[in-house]
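See the structures that follow.
Shared between the two complexes below is subunit A, which has subunit B as its partner in the first and subunit C in the second.
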Partner chain A sequence: MTTSPFQVTSRLVKDVAIVYPRGYLNNLSGEGLVNECGKHARAGMKKIVVNFRETDLINSIGISFLLNIMEDLQTAGGTLCFTEMKKVHLDTFEMLGLTKYFLFFPDEQATLQALRTQGG
Partner chain B sequence: MPLTGVPAKDYLNRDNEISYLRRLADMRQDGLAVNVLLLGTRGVGKTELLKQVFRDVFWEGREVVPFYYSFKTAALKSSTFARDYFTRFFKQYAAYVKKEPLLVDDAGMSLNRLMPVLSSAGLDWMLDIADAFQEHAVSGDLYGQILAAISAPAAAAKRGGRRILVMLDDFAASEDLHEVRRGDAPGLASLFEESMKNSLCPHIITGSPAARLEGIFSDPSLRKDIERMQLLPLPEDTSFSFFDSLLRKMHITCEMREALGLIRTVRGNPLYLKNMAKAAWKTMKKELREKDLAECYCLDVLDGETAFYWSSVLSEQIRTKGLLRTMLKLLMRRLTKAGTDDEARLSQVLGIRDAELGQAMEILDGNGLGSHADPVFEDFVRALYMREIEGRSAGEIRELIGERFGVQRDSSRFEMVIPMTDQAELVAARAVEQIGKNINLEPDLLNYIQLALVETCINAIEHSGSYEKKIYLTFLSTPEQLEITIESPGRPFSLDTLRESAVEEKLASGRKRGWGFTLIRKIMDEVRVERVHDRTRVTLVKKIRNKEALK
Partner chain C sequence: MELRKALYNISALADLGTEITAEKNFQEKLGSLLHVVLGTFLAGKGAIAYREKPECEVAFVARKGFDDLSVADIDLGPLLAAGKNRPYRPAANEALVSAGVEVITPLWDRNDFIGFVLLGRKFTAEQYTEDDLEILGMIAHQIAITLKNHALFHHVTEQLEENRKLYEEMRRIYHDTLQAFAAAIDAKDVYTRHHSQRVAKYSVAIARELGWSEHDIEGIYVAGFLHDVGKLVISNEILNKKTPFTPDEMKEIRRHSLLSYKIISQIKFPWKDVEKIVKHHHERLDGTGYPDALSKEDLSEGAKILTLADSFDAMTSERAYRKKMDVRKALAELKNCLHKQFDDKILLAFCKVLDKEIRGELPEPDILPHIDRGSDLSVISTLLEGLIEELSGDNREG
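Showing the complex of A and B:
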């Protein structure tokens, strides 16, 4: 595990915002991720994908931030998807009994395909 | 013999428990505490804790009279028990008032001879209580007699103005109270209900096995107003300090690194440590090395105090040699074969008749002996099995037990201190990554261990509230397991205070927090939290199974 300083970037693919958290997702960086997702939600984006390709570690506080993002988006009638999660992160969600509350996809293409099928 | 405990300076790492129990009478009277059920494995020091509390309360002069009664040595025929309980209470009360410790254990002091002593101490009102007891005895009213004995502390508290701290040791044996023969009057222990309800005489109750004790307190009459206090084994450094203090009294020296193997094998059990120190003394050596301690261990498990202790526990339940052999076969089967065989299969495999097997299983499981995770007890069973069933010689057995003792010694230990600052937990995570690589752990497994460690450090940072702002870590790796201890000064923390709430409940809450320890417990094989002096110590253990180490 190598942990880089946290950064978050994003890009838009039509009506989908893809967010890239990089580094260690914890109490400090969680706020950054919430802000980035909130920015897209406020701009009217209903579909947000978080790509964890460059996320090294997610601690339990980071998970609570992800739950808050999901709750905010669901309240606004949106959808939150996770993609390219490492095995340890997926297992963490599994261990906590949280997998049924999120949509997981192996890669961006599969995520975008699923969101297109979903329509809206 | 409540005043014969080890010196307070040698009784380590139980300050919090002693302090709480000493104040129990005050807190009970103020409605802040209830009776205490003191739980812990055999040999962990429950009796010793009661002795320490007794001594402190006896001498501190807060107008609280300590009363200690052990059911282990008690005669359990009801009439005899009633007189014994009553007399011992009176002796200890008089000893407290007169500050004459010798009275506590004065076996020659009968109830009649005690009367002038009580009178001379200005305790004439106690004579009335004694008269009421004697009346029941004379009229042959057995229940009246038992009740009068059991309620003597409450009556004395009311009449004498001093509260009584009642300490009942080996209480599991109270199940065997009987009128004429064992089993003819079940449930007599429930007669303690009234006495336990009285806020002027709080009770501390202990004994082994915990399951049997819990069984007694599942009775509706007793289960109210009782809280559980769990006595944990001593941590490694405290275990060594205790062991070292015993050795020094015998002018024997031993370095901690030499004793570490023994300390880990006995898992912080003070009884075993005491027995091993005695075994060391018998070797006549002045300086102990690891191999000497291995020798002490083998001797003790085969023929020493530990062997004697476990033999006594077994012989309390087993009356015939045939049943002992059945029991040993059954225990060895459980030690060597993981998983549970059904009774029919066991009977077939072990060649034992169903009835005898059923009897052995009932005794083992009923006394908490069947599912033991105590390596010393296991070695005792192995040694006894080799002698009784396989007919091996003592020398052979010592060699075989000695080989097992040596297996766990191949270990590496690292220590580090990290500040309680943002992301310091990542430094600890990097350290465990390298330690894991050194022992060829699979990367996936390492990721999980790192996560558990990160969570524990975050918990320490968030909850310690200490000015010291440091976390102390030790990493101990052996071919069998990786053990990490994380110590933080400041506020105490206990797993008992954690409430496992449902996922839905957490999701509905505002902060959606509280996943850390759920995660840690899912990842690690063992999670222990203990208070060591002014620090909270969390110990994380991960067993390394074959497929988890890279070839």
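Showing the complex of A and C:
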């Protein structure tokens, strides 16, 4: 497990990078999250999971950074998964029409299972 | 869904307020404001351009994307003609359209054009709705106020800096004037060259040792410089006389402290009692001094400091009628006149200053280098240690 500034950590499970943002997803943690995902994408990881279990709030700034990650993964032809996201946040993403740009799973196990099934 | 969308927009406006009032530097704040706008409207690209003063060029101060777009390529005419803080689609502006700008919003605060906000296409590829433009207008107005406040703050800061420089310049001129005055005073008597400057320095050193505030220290520094200004009125023949003064001449000489007082009383100093300190620099604790024959209780600490500094410099400087004393003799003389002429607390502070100078504990040695270049410092040091111990005992008992 590696730790980067802005309280974002990540770990690798085979060909999947799981990223853990902590606290409020605003400008500081948002930038850290983009950097951490970007680091894995540049290393050739095509499957990135963002686990929101330690994220209390996602504000408009956080959404802006998440759009950045979605766009990067889309350009790279990768898969972006969100997991353990609070219902209120998922509802917000749904209302904004963003749920088609990522896969959502209730927990990490289900996410990894689905990505294994997806293959390659 | 409409309610959820409205709540999201309200929370975005709250985010904007949080970022506007956050304690961040201007650049970070602009970055955060841009992200609020991008996140609110799901725009992949965006930029904020800003003009600090009407005479300045508009320049991008925050942007995500639009890297190849230059403000110079944008025709500001339609932007200035558009409604204040009203977003619109820049269909006629080729540079903006080809860069992918979908919405542009001119930023105004009252009648001041401040800049503009650009937004690219939505990540979801949806069109900007009229509601979006309405909300963007509100956000733009807040951004315009933030930018204007920054410009005002910057202006005030610049003004403050200018005033500070002006103040420093005035201070410098003031001190130069003081020195010129002191030089004029000291030039009257060839034997008292730099006397006023030295008395000012010794007084400052004693006051600092006594824990005076920097403001009060500056006051006694000025008093030191000007304490003999009254001598300008005394004739050169008397001042430079090589034989003992007659009673009348002595009377004339003694007028100088009152004359100094009268001259500098005309100046409104920002420091307390400068003129009184000057007036009383020839008073004695035993009440036999002049011009008012005050006793210890009636004399201010400043007057006592100046008296000792003046006497010490007089003793250790050459005069027309005598050689200068060495430090040991001068210290012995000060001690001899303790309680009659000099205050023990002031002498103790002065001894501590000299002791610190010898020990190298003062940043700039100011007293001993002038008076006793060839002295054996260890002898002076031993003498000072004895005096400090004795005077400390006196002060504890007192």
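List of remarks:
What we mean here is this: the second predicted complex is superposed on the first by the 114 of 120 C-alpha atoms of A that agree within 3 Å, B and C clash if a C-alpha of one lies under 4 Å from a C-alpha of the other, contacts with A are read in each partner's own complex, and residues count from 1 in each chain.
Here is the rule we use: a residue touches a chain if its C-beta (ideal position, glycine included) is under 8 Å from a C-beta of that chain, and two chains touch if they have at least 3 such contacts.
Remember, predicted model here, so these are calculated numbers, not experimental data.
When both complexes are superposed on subunit A, subunit B and subunit C end up clashing with one another. In the superposition on chain A, A:Lys87 contacts subunit B only, with no contact to subunit C. Look at A:Ser60: by the touch rule set out above, it reaches both subunit B and subunit C.
Once chain A of one complex is fitted onto chain A of the other, the partner contacts of A:Asp15 are absent, as it touches neither subunit B nor subunit C. In the superposition on chain A, A:Asp107 makes contact with neither subunit B nor subunit C.
By the touch criterion defined above, A:Met95 reaches both subunit B and subunit C.
Of the two partner chains, subunit B is the only one touched by A:Tyr24; subunit C is not. On subunit A, the surface touched by subunit B in one complex and the surface touched by subunit C in the other have residues 26, 59-61, 63-64, 67-68, 71, 91-92, 95-98, 101 in common. The residues of subunit A lying in touch with subunit C in their complex are 26-27, 30, 59-65, 67-68, 70-71, 91-92, 95-98, 101. Against subunit B, in their complex, subunit A makes its touches with residues 1, 3, 24, 26, 28, 57, 59-61, 63-64, 67-68, 71, 86-88, 91-92, 95-98, 101. Of all residues in subunit C, those touching subunit A in their complex are 1, 4-5, 8, 11-12, 15, 19, 28, 31-32, 35-36, 38-40, 42, 44, 64, 123-124, 126.
For subunit B in complex with subunit A, the touching residues are 422-423, 425-426, 429-430, 433, 444, 446-448, 450-451, 454-455, 458, 503, 507, 511-513, 515-516, 518-519, 522-523.
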